[in-house]
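The chains carry the letters A, B, C and D, assigned in the order they are written, with residues numbered from 1 in each.
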Amino acid sequence: MTPTLQIFLIVSAALFSIGLLAALSRRHAIFILIGIEMMLAAANLNFIAFWRFAPKPHQPPVGVMLALFSIAISAAEAAVGLAMVIVAYRHYRTTNVDQLDQLKG
Amino acid sequence: MNGAAFIVISILTLAAALAAATLRKLMHAALSFAVAFVGIAAFFFLLGAEFVGLALVFIYIGAVAVLIVFTILLTRRDIEKDRGFNWSGVIIAVAVFCGLTWAILKTASLSIVAPHIRALTVKRIGEALMTSYVWPLQCIGLLLTAALIGALVLAMEEKR
Amino acid sequence: MVGLITAIIFIPLLGALAVWIWPQKNARPLALICNVISAACALALWRNFDATASGLQFVERHDWIPAIGAEYLVGVDGLSLLLVLLTSLIVPFAFLAQPMPRGSYATVLVMQSALYGTFTAQNFILWFLFYEMSLIPAFLLIKIWGGENRDRAATKFFLYTFLGSVAMLLSFLGIYLARGTFDFATLAGLGKNGLLTGNLAWLAFAGVFVGLAVKVPLFPFHTWLPDAYQAAPTGVSMVLTGLLSKMGVYGFVRLLLPLFPNQIRVVGPWLLVLAVCSIVFAPLAAWAQRDLKRMVAYLSINHLGYCMLGLFALAASPVVAAGVDAHAALSGVFMQIFNHGITAATLFYFVGLLEQRRGLRGIDDFGGLMQRTPLLCGWMSAAMFSSLGLPGLNGFIGEFLIFKGSFAVAGPFTAIAIIGLLVTAIVFARAMQALFSGPLAQSCSAFPDLLRTERLVIVPVTLLMFAIGIAPQFMFNIFNTTVVHMARLFA
Amino acid sequence: MNSGIITNLWLIPAVPCAASLAILSLSNARRKSAAVLAVIGQVFALGMSIFAFLPTLQTNSFRAVQNFTWFTFGDQALRLGFVLDPLAAAMLVMISLVGLCIFIFSIGYMAGDKNFVRFFAYLSFFSGAMLGLVLANSLLLLFIFWELVGLASYLLIGFWIERPSAAAAAKKAFITTRIGDMGFFLGMLWLYKRSGTLLFYDGGSGCLESAGLATLRASATFIALLIFCGAMGKSGQFPLHVWLPDAMEGPTPVSALIHAATMVAAGVFLVARVYPLFSLGGINGVTSSLTVVVWIGVTTALMAALIAIAQADIKRILAYSTVSQLGLMMVSLGVGGVAAGIMHLLAHGFFKALLFLGSGSVIHGCQGEHDIRKMGGLRRLMPVTFVTYAVGMMALSGVPFFFSGAWTKEEILRATEHWPRSHAPYFLMLAGVVLTALYMTRQIIYVFFGNSRVASERAHESPRVMTMPLIALAVCAIFFSVVLTPAWPWLHAYLRGEPAQFDVARLIQPMVFVSLVLVGAGIGLGIWVYRKAGAQDRQRSAEIDPLEYAQPALFRFLANKMWIDELYGRTVITFSWAAARLSDWMDRYFWDGLVRGFGAVGRVFAMLTTSVDEHGINAGVDETTAGTRGLGRLMSKAHSGQIQTYLAALAVGMLALLLLYAWLG
C-alpha cells in the first residue's frame, strides 16, 4: 500500500483537531501553547505533503520553504508565549486561563 | 513510500499528540509533546524533506520542549492542580475533524500517489534561501531577534 | 460644473475639521456656514441638472485602487439629486433644533459628508466606504451625547447595522469574484440575466437584503430603531430618521432591485408580507407608546414601510407592472422618501421643543397646550397631519402614488396595508387629544409659545410641506426621467 | 360669461380658503375684521355660485368640465378637474346660502368666545373645502376635499378644546369617518386600476362615462360598495353613525352647518355623483350595491328615529334626526330616486340648519342649557325663535302643502313604493315618517309649551344678528317648496335634465293623503303622549318622561342609544387597543428577543465553554432573572475575555465557512 495525499491530509487534520482540543479544553496556559504548536505542525505537514505530491515539483521548493519559515515563526511564538505565561503567573499567581479575563467586554 | 512505515509513524504521532493534549500531569504532557514532534519529523523524512524534519527535531525537541519544561518548573506551584476539563472543546474539535475529513474525502483530486522527484538536497535549499527567499530569510532573522529580546524583556523580573 | 459633487462631499468634512479646531462658541455658526455653502452647491447642482436626460450627470471618474476595481466614481441622477437636496435641508434643520456640544457638530458634519457620498457614489467600494462612514458618527452621537439608555441603544444600533453591513460586503465580494466589477451601472445591466448562479445568488441576495433591511429598517429587523431614536439627542434623531433610513431605501432602489430581480420575484410575496407587517404593526406599537419620541420613531418605521411596499410590489409582481403603475409606485416611493424626511424630522423637532420646555416627553406629561401655546400646537398639528397623509400636505402625494402603484399589482397586500393609514390617524388623534386639549396642565402653565427663532426654523419647512402637497410638480420634475428610466430597467 | 365662470370655477372654493388663511394670520383681538373677512368670502362664494347656477338653467343636462393636470409622475399625468352640472350647481347655491346665514348667525352666537377669530378661520376653511367637494370632477379631487372637510369638522367639533368631552368627540369623529374613508380610498384605487382615470367626465373617456364604465364589469359592485363605505362614515350611516351625535359637542353653528346641512350630506352627494357606478349592470335599476345602500339607509333611518324619541339633549335629538334623514336620502338613492334624494338633501339643508340655529338660539337664551326637560314655555319669551322653529319642525315632519320637506319626502316615498325588490323599505319608511313627527312634537312641547322651568325662567329673545338668519332660513324652507311640488316639479326636472311642465292636476295625489294621515298621526300621538309633560310645573320638573313611565325598559334601551357605543367599546376598541399592546409587547420581547437570539449565537459559546464553570452558571442565572436587559449586555457575554472562548468561536467559524464552501459546491 502506498499512502496517498488524502491519507496525509487526514492525519494532519487529526493532528490539528487534537491541537484544537488541547487549546480549547485545558485550563492551563501551557496546554494552550502546546495545542497551538500542534496545530502549526499540522499545517507544516500539509505544506510538505502538498509539495511532495505536486505533479510537477516546483523549483525552488516552495512548500519546504514555507514549512521552514513557519517553523521559525512558531519557535518565536513559543518563546514569547511562554514568556507571557511566566509574566502572567508572576502577576496573577496563576496560569489558569479562566481567571485571566482582562479582555472581558 | 512505505505504507507500513506510514502506519507506524502515524499511530505513534497521533497517540503521542493525544497524550500531550489529555494527560493530567503537565510534565508528562510535555514529554508526550516531544514524542509527537519526533513523529512529525519522521513524517517529513518519509516525505523526503529530511532537512525540514531535522530542523523540526532541533527546534522543537531541542528548544521548544525544553522551554516548556523550564516554564513548567518556573510556575511549579500551580501546575499540579490543572483543574477543569471543558467538554465543549471536545465537541468542537471532533466537529472540526469531521468537517475537515469530509472535505478532504470529498475532493477526489487528492487521491494521488507521490510522483518520483529529484532528491531535495540541502544545497538546493541553501541556494533557494540565499536567492529567491533572501528577503523573507532576513525578515525571519529580524523576527527571531525581536522575539528573543521580547521574551527576555517579558520574562525578566521587574526591578522595583 | 465638474467637481461640484466632490465639493459637496468634502465641504462638510472641512467644516468638521474647522469646528473641531475653533473654540466652542463658534461651533454652531461654523457648522451652519458650512451647510449654507454645501446647500448652495446642492442648489447649483439642481439648477444645472438636466431634468430631461436619463442617466448620470456631473460624472467624475478617477482611478482609485484598480486592483480591486475600486474607482472614485460619483454622479447624480434624479434620485441622487433628490437625496442630496434632502440632506442639504435636514442637516441645517437639525443644527437649528437644539444647541449641541462642539463634538457633536463635528460628528454630524462628518456624517453629512458620508451621506452626500452615499447618495452620489456609483461604485460599490466607494459607496460602501461612505455607507460605513455614516455608521460610526451615528454610533458616537448616540453613545456619547445620547440620553437615557444610550449605551444599550448605541451598541444595539451598531451591532445591527454593522452586522448588516458585513453581510452586504461579503455578498458584494462574492459578486465581484464572479463578475469582476463594482460599478453600479454595469452590475445593473448584468442583473437582468442573473448576476450569479445557483445557491451563491441566493446567498448574495440574502446578504444584501439583510444589510439594507436593517438600515431601512424593515420588520422584523427594526428593533434597534426605537431605542436608537429615543436615546439620540433631538438633532441627531432628526438626521437619523430623515437621512440615515433613506440610505437603506436608496440601497434597495439602487442595488437590490436591479441586481437581483429574479430572486425578488421568487420571494416577492414574503417581502410584501414583511412590508405590510412594517406598515401595520409599527403604528399599532406606536399607539401603545408613552414616550413621544418612541412614538414618532415607530411611525417612521410605518412610513418607510410604504416605501418598501411600493418597491416590492413593483419588483415582485409576477406580471410586469404596467407603465402607469410602475411609474406611480416609483414616483410615490421617491416622493415618500423626501416627504418622510422632512415630516419626520419636523415631528422630532417638535418633540424636542416640548421636551426642552417640560423636561419630560411622556404623552401624559402635557395637557391643554392649545390654550397656552396655540402657535406651537398649530404648526405641530400641520406636521402631524402631513405625517398621517392628509391631502393638501406633502404626505398624501407619496402615499397615494405608492398605493396606486402597488394596488394594481399587489392588491390584497395593499388592501391590508390601508390599515396602517387608519392606525396612524388613531395614533396622531390620540396624541393631539392628550397634548393639546383638555384643561391646561399645571406643569405646562409657564410654557413659552414658539419663539421667533423657532418660528424662523419651522415656518419654511412647513411651507415646503404645503407647497409639495398642493403643487408638487417641481418635485416631480427632479426625478421623472429617472423614474421612466428605472421603470424600464425593472420591466 | 358662460366660459368665464367655467374656467374660474376654482375660485369658488379658493376664495373662502384664502379668507380663512387671511383670518388665521389675524391677531386674536381683531374680531371684527375676522367676521367681515369671513362674510365677504362667503358672499363672494354665494355670488359666484349663483353665476355658476345661471348657465345650467339655459340648457337641459348642462355639463361643463374644466380639467387640468395636477402633476406628472414618470411620463404619466395625474389629472384633476372641476365640473359644473345641475347637481353641483344646486348644491353650490344651497351650501353657500346656508353657509352665509350661519356665518352671520355665528357673529352673534360666538360673540363672547375668546377664540372668535380662529372660529371664523375654521368656518371659512370648511366652506371652501365643501364647495370644492361638490365641484370636483375627479374622484381624487373629491377625496381631497372630502378629507379637508373632515379636518374642518375635526377642528370645529373640538373647538372648545379645553373641554375633554369636546376633544374626545372630535377624535371619535375623525377616526370613525376615517374608517369609512379608508374604504373610499381603496375603492378609488380599484377604480383607478380598472378604468385608468379618476376623472368623472372627460369628453367620453371619464370613469363615469360609458367607455370608462365598460372597463369595470363585475368589479363595479365592489368599487361602489367601497366608495359607499366612505359615504357611510361621512353621512353617519349605521354602523358608523356613532360619531355624529357626539359631534354636537361643537358650537351650535358648526352643528348646523357641518353636521346637519352640508358635510354630512356629502356622503349622499357622493353616492349621487358616482351613481353610474352603483347602477352599472342593474336590472330594473336594482343592483347588489344599491340594495346594500337601501338596507343600510332603512336601518339607519329607523334606528336613529327611535333613539331620537328618548333623548333629552336638544341638539342630540336633532343630530339623531339628521342621521335618520340621511338614512332616508340613502334609501331614496338606493331605490333609484336620485333626484328625490338630492331634493331632500337640499330641502333638509335649509330646514335642518334652521332647526339647529333655532336650537342655538334657544341654548343661547337659556344660558347654555341643553336639556329640554329643563326648558319650557319659551313660546312667549322667544317668539321669533318659536315661529321659525315651528316652521322647521313642520318641514322636517313633512306637513303637507306649505313646507319643503313634505314634498321631497313624498317624492322619496313614491320612489320607494315602486322598488321592485321588496316592499319592506316602503312600509318601514312610512313608520319613519310617524316617528319623525312624534319626536319633533315631543321636542316642541318640551321646549316651547307649558310652564317655564329651571333654565327657561330668565330666557330672552336672541339679538337681531341671530334672528335674521333664522327668518331667512324659514322663508327658504317654505318657499323652496315652490320648485318642489308635483304641479311644477322644476327642481326634479332640473336635476334629471328634463324640461319641467306645469300641471295643477298633479298636485292632488294619493301620496299626499297618505302622508297627511301619517304626519297627523305622528303629531297627534305626540300631543297625546306629551300633553302633560309640557304642562308640568316647575316643582315636578319633568324628570320622568311619559314614555319612560309607560315602558321603562324600552326607554332605557333607546336613551342609551341602543348601547351601540358600549358595544363598540367592548369589542372594536378593546380589540384594537389589545392589538396595539400586543404589537408593542411583541416588539419589545419577541422580535427583539429573536434578533437577540441571533446575537446570542456568540453567547452560546460562552455558555457552552464555561458551562461547568461558576461564571457561566452565574451569567445564566443573571440572564434569566434580568431577561430584558439589552442586546449589548447580552452580546458582551460573548466577550468573556477568555482566550479559549475566542478560539472556540474561531474554530466554529472556520467550520461554518467549510460547510458554506461545501454547500456552494
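Criterion: contacts are C-beta pairs under 8 Å (C-beta built on N, C-alpha and C of every residue); 3 or more make two chains touch, one makes a residue touch a chain.
This one's a predicted model, so the numbers in the text were calculated from it and none came from an experiment.
The chain closest to the protein's centre is C, with centres computed as averages of CA atoms.
Relative to chain C, the most remote chain by averaged C-alpha coordinates is B.
Centre-to-centre spacing of chain B and chain C amounts to 56 Å, using the average Cα coordinate of each chain.
With centres set at the average Cα position, the gap from chain B to chain D is 86 Å. Centre-to-centre spacing of chain A and chain D amounts to 81 Å, using the average Cα coordinate of each chain.
Distance between chain A and chain C, defined via averaged C-alpha coordinates, is recorded as 50 Å. Residue positions of chain D touching 2 or more other chains: 609-610, 613, 635, 644, 648, 651.
For chain A, residues touching at least two other chains, in rising order: 20, 23-24, 98. The set of chain C residues that touch two or more partner chains is empty.
Under the contact rule defined at the top, the touching pairs of chains are A-B, A-D, B-D, C-D. Residues 20, 23-24, 32, 97-98, 100-105 of chain A are the ones that touch chain D when the two sit in their complex.
On the chain C side of its complex with chain D, the touching residues are 149, 151-156, 159-160, 198-200, 203, 219-223, 226-227, 281-282, 284-285, 287-289, 323-328, 330-332, 368, 370-371, 374, 385, 390-392, 396-397, 400-401, 403-404, 407-408, 411, 414-415, 418-419, 421-423, 425-426, 429-430, 432-433, 436-440, 471-473, 476, 480, 483-484, 487.
Across the complex, chain B is touched by residues 605, 608-613, 644, 648, 651-652, 654-655, 658-659, 661-662 of chain D.
Interface residues of chain D, counted against chain C in their complex, comprise 70-76, 118, 140, 143-145, 147-148, 151, 158, 161-164, 166-168, 170-171, 174-175, 178-179, 182, 185-186, 189-190, 192-193, 196, 576-577, 579-584, 586-587, 591-592, 594-595, 599, 629-633, 635, 660, 663-665. The part of chain D that touches chain A in the complex is made up of residues 609-610, 613, 615, 635-636, 638-644, 647-648, 651.
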